[in-house]
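What follows is a set of structures for review.
You will see chain A twice below: alongside chain B first, and alongside chain C after that.
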Partner chain A sequence: MNYLIKRTVSIVFILLFVSILTFLVFEVIPGDPVLAKLGIDADEAQVEALREELGLNRPLAVRYASWISNAVKGDLGTSIRFDMPVMDLIKDRLGLTALITAMSLILIIVVGFPLGILIARHENIFGLGLSLLSQVGMAIPSFWLGIIITSVFGLSLKLFVPGQYVPIAEDPRAGFSYLFFVVLAIAIPNIAVIVRYLRDSVLEQKGQDYIRTARSKGGGENYIMYNHILRNALLPVITVLGMLTANVLGGSLVVEKVFNVPGIGRLLIMAVSTQDLPLVEGIVLYLAAIVVLINFGVDLLYRVIDPRINLT
Partner chain B sequence: MKREYSVYLKVGTVIITAMLIMMVVSIFFTPYDPEKMDVEHRLQGPTWKHILGTDNFGRDIFSRIMQGSQTAFTVGLVSVTIGLTIGLVIGGIAGYFGGWADNLLMRSMDAMIAFPGIIIALMFVTIWGYGITNTMIALGIMAVPRFARIARSGFLQAKELMYVKMAKSIGVSNLRIMFVHILPNIISPLIVAASLGFASAVLAEAGLSYLGLGVQPPDPSWGTMLHESQLYFNRAPLFSIAPGIMITLLVFGFNMFGDGLRDLNDPRKR
Partner chain C sequence: MAILSVKNLSISFPIDKQYYQAVDRISFSLSEGKILGIVGESGCGKSLTALSIIKLLPPKALLTADQICFNGTDILAADEHGMRELRGNDISMIFQEPMTSLNPLIKVGKQIAETVTLHQKTNNAAKEALEIMKQVGLNNVEDIYNQYPHQLSGGMRQRIMIAMAMVLKPRLLIADEPTTALDVTIQAQILDLMKQLNRKFGTAIIFISHDLGVIRQMCDEVIVMYMGNIIEVAGTEELLFNPQHPYTIGLLAAIPNPSRKKKSLFTIAGRVPGITERPAGCSFATRCGFVTEPCLRSKPPLVYQQSHGVSCFNYQDIKREIKDV
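Right, the complex of A and B next:
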């Protein structure tokens, strides 16, 4: 329990730092938002009045406190461009991005783990070739893969209409098959990451003394692989899943644009290109908080799965 | 398979060298002026005159690819330098001095790592504006936590070692101990990280530029080319394919180089 408390406290601190960083980045904007709004030749009184109105005359710490307490309550301010609460905009789009992220993670796990094991079992030129291939996979930009997938499966094979996402609520089949291609573009580079980590992890275990002991006792290769090596090799890979979630989410932000999917990435990019600061700030805070919490979850999972780690 | 790292190192070195040569050549010579438009011959397929065809303004794609390597190398080098320098200072202070500074600095690094990289970059370009300079600064800042963590663990281990204690006992200043005595001993993991960081900077720059939020035209960039080419995939597929392959190759090269170097330094893998 002690561990849990310690971890929770540290998560709270990290969240606090995340919010402070976000707040500071948006507060130290070059140029004065008041002067930007009123023009340089506004008179003193006008400037003071607007400062008062926007609450900019209060000390930084007070402003942070009120901003973060609102944020915790679910009020992230109002978008300039949409003239709507930032929270509502995020809620509208988050579901789709969460679905894409979840589907990508599932695909990555379902394909990545068996593939990684397959590659790790072949310690020969074939294994080296596949390992080089996984290095290439890691280097491919997911959005470029998206462009290629769009042209091959969309334009040439006509398996979907590029740019025409059908909401899942309207037509689940069309919606999911469209998303499948989006997910494919995000997943492939990340599958390569898993494969690579798994292979390294398996190869490291293979060299351990207990494997030699198992072999000398007459254990078959398959038996040793599944009962000894993998049980130990899979654990460290689980920690990578936390990192992958951030990767996948970041990948989704860009790939959404390739496929014209109305998720949170499109919203963020629109917000960035229209300088909608409250919206960018809100999305950044929200996504970072999600990533922190997911990492926390993965970390806990790891501790639960590995009996050697004492939770107390 | 024990010599795998040497394959990695060789492949990485060959690719990086080839790219470097292309970049240097492109400073003095490209088959065509990369910015010369020729609307009559736009979106052509590959011909002997234009081996990769022409883009939507009739510019020679091969020349633009060559010139784009300058941007890729500049972005990689500058952002790694920024990240490495700031990371070294932060990690050095945290690891060498420890205490509350360590706690404060490393917790803020943890917080930064929580942001998916592209978000940090997007956050900075929102505020500071687009363009190659701001992209490099944003990507440099994005890389700081990784360098800081590695530097910290190096300094942390080194400060307990005899040579550091000896240097201290004869009155060498902390700054001199940190950067003249310790740094050369902990440099190799940082070089590995720099190589891998170079790769991720190139990848991130391509992403930002593809979104239209990174390097802006007329500065040539492979990411910007992808941004411009997407609409014309049917008519000129090479316009999209070529820049993507270049990005992949360069990222692959630096990843291989970094991984090979890491394994070279790892006695268990030798």
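Right, the complex of A and C next:
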């Protein structure tokens, strides 16, 4: 119980810190949201009026205080650019990004775990080859992979039409197959990371004393792998998986732009480029909350699996 | 009748593409229900010898022998499948460090029951586990069954290890320094327990230790190993009170004696040579105070007088010399 309280408090502080940081960053970077909205030809009076209306003339601390007090009540303010509540804008697009993230994580688990075990089991030239391949995979950035996938599967093989995302609501088949390639670009570097970690983790556990004990009891290779090694080897990998979630989410933001998918990533990039502070704050807060909560979930899971860690 | 007989067992390891012998053509046998001690310094090959009997040597090790015969089974010829049937069932092993030798994520009772389910199709594995847990002197066995290794004390963990090894009443138990990591009081309890199980179930034990005091408490017969060779073998009392080999004599002299408090402790001069720098002749020649010319040329054979074997060219002279002093 004690642990849960501590964790909750720390989550609140993390989110507060993230929101303050975003505000401060916006003070520093050049540009003016009012000019971005009205255009550089707007006359002085118009600009002043809008500034007054948005409350941009107030000091930074006052603006933050009023924003945070509204945010706590569930009101993230109004987008300068779209003249719409930030909440509505995010809600419209968060689903798609969440779907892409979830699909990526599933792909990472489904492909990464068996592959990692496979490599760990074959300490020969085959394992070495796959191991090298995963090293390369880790070094590839998702957006570059997105461009390559677009070029190979989209332009050459014509498996999808680049830039033409069909909403799942309209045509589930076309929508999902388009998203599959998006997910591929996000997942591959992360699969490489998982493979790497799992391989090292399995090999480390293989040399432990309790494995020798299991063999002295008459356990076979397969039996020991699945009943003794994997359980222990997966523990650190679960932590890594939690951290990768942030990676995947971040990858999704960039790759959405490459594939022209109307998720939250595109919205965020647009919001940043038009200095739409309320929208950026809202999105960043949402993303931070997702990452923090998933890591919290992973931590809880860890505590359930590993009897050595107490919940208190 | 001998339950285990080993002839000319060698174990070697490749270092820089050359094989070096960690255990060098040793032979010994163990009678049914007896306790055989193997004593020696770290790296003398005693643990490797034990692991070779259940063929759990590190993958790089090269094992050769004329014979390893357990209870009529040719271990040397047995494949991995055959060995798996023996391990845990007919031959069990317990290790030095009970904390790391247990799987940290599995309840200890389950780990004991696992030995049963690996060898028998039965629904009674848990019951058998609880039964053996009582036999190894654990109380509240139902509670302990559901605990994890980190929740138990070192002594309890070693009892769990012993229960795990003994649950199927094996014919042979190999104990590799089972009490080295324990407190002295716990150590005595565990030794007691092993003796008790040896008597109750007639399980023969190979007891590996570097502690002659422990060996004396436990064993019927003792093998003294030095650098991969058996340098002396005899009944426990005979070995302790009538040692023949200068190394054994030195080992016994190095045991602290409370009645000679003022004197400084005896030590054997020099150090054990590394595996790559082993001498051609007697392995102990580099540290022996009685070394003669033949010792440097060839390896002394293990010569028996009745059941007392010693591998030394000069043991009779040495005996005389020590008496004279």
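Just so it is clear, the second predicted complex is superposed on the first by the 269 of 312 C-alpha atoms of A that agree within 3 Å, B and C clash if a C-alpha of one lies under 4 Å from a C-alpha of the other, contacts with A are read in each partner's own complex, and residues count from 1 in each chain.
Everything below uses one rule, namely that a contact is a pair of C-beta atoms (placed from the backbone, for glycine too) under 8 Å apart; a residue touches a chain by one contact, two chains touch by 3 or more.
Here the structure is a predicted model, which is why all the values come from computation and not from measurement.
With both structures placed on the common chain, the touch criterion links A:219 to chain C but leaves chain B unconnected. Judged by the touch definition given at the top, the superposed model places A:237 against neither chain B nor chain C. One of chain B and chain C touches more residues of chain A, and that partner is B. Of the two partner chains, chain C is the only one that A:228 touches; chain B does not reach it.
In the superposed model, A:208 lies in contact with chain C only, and not with chain B.
Looking at the shared chain after the overlay, A:307 reaches chain C, while chain B stays out of its contact range.
When both complexes are aligned on chain A by C-alpha atoms, no chain A residue touches chain B in the first and chain C in the second.
By the touch criterion given at the top, residues 54, 56, 80, 84-89, 92-93, 95, 97, 100-106, 114-115, 118-119, 148, 150, 161, 164-165 of chain C touch chain A in their complex.
If you check the complex, the residues on chain A that touch chain C are 208-210, 212-220, 223, 227-228, 231-232, 235, 305-308.
Across the interface of their complex, chain A is touched by residues 1, 4, 7-8, 11, 107-108, 110-112, 114-119, 122-128, 199, 203, 206-207, 210-213, 226, 230, 233-234, 237, 240-241, 243-244, 247-249, 251-252, 255-256, 259, 268 of chain B. The touching residues of chain A, when paired with chain B in their complex, are 10, 13-14, 17-18, 20-22, 25-26, 29-30, 123-124, 127-128, 131-132, 135-136, 138-141, 143-144, 147-148, 150-151, 155, 203-204, 207, 246-247, 249-250, 253-254, 257-258, 268-269, 271-273, 275, 277, 280, 284, 287-288, 291-292, 295.
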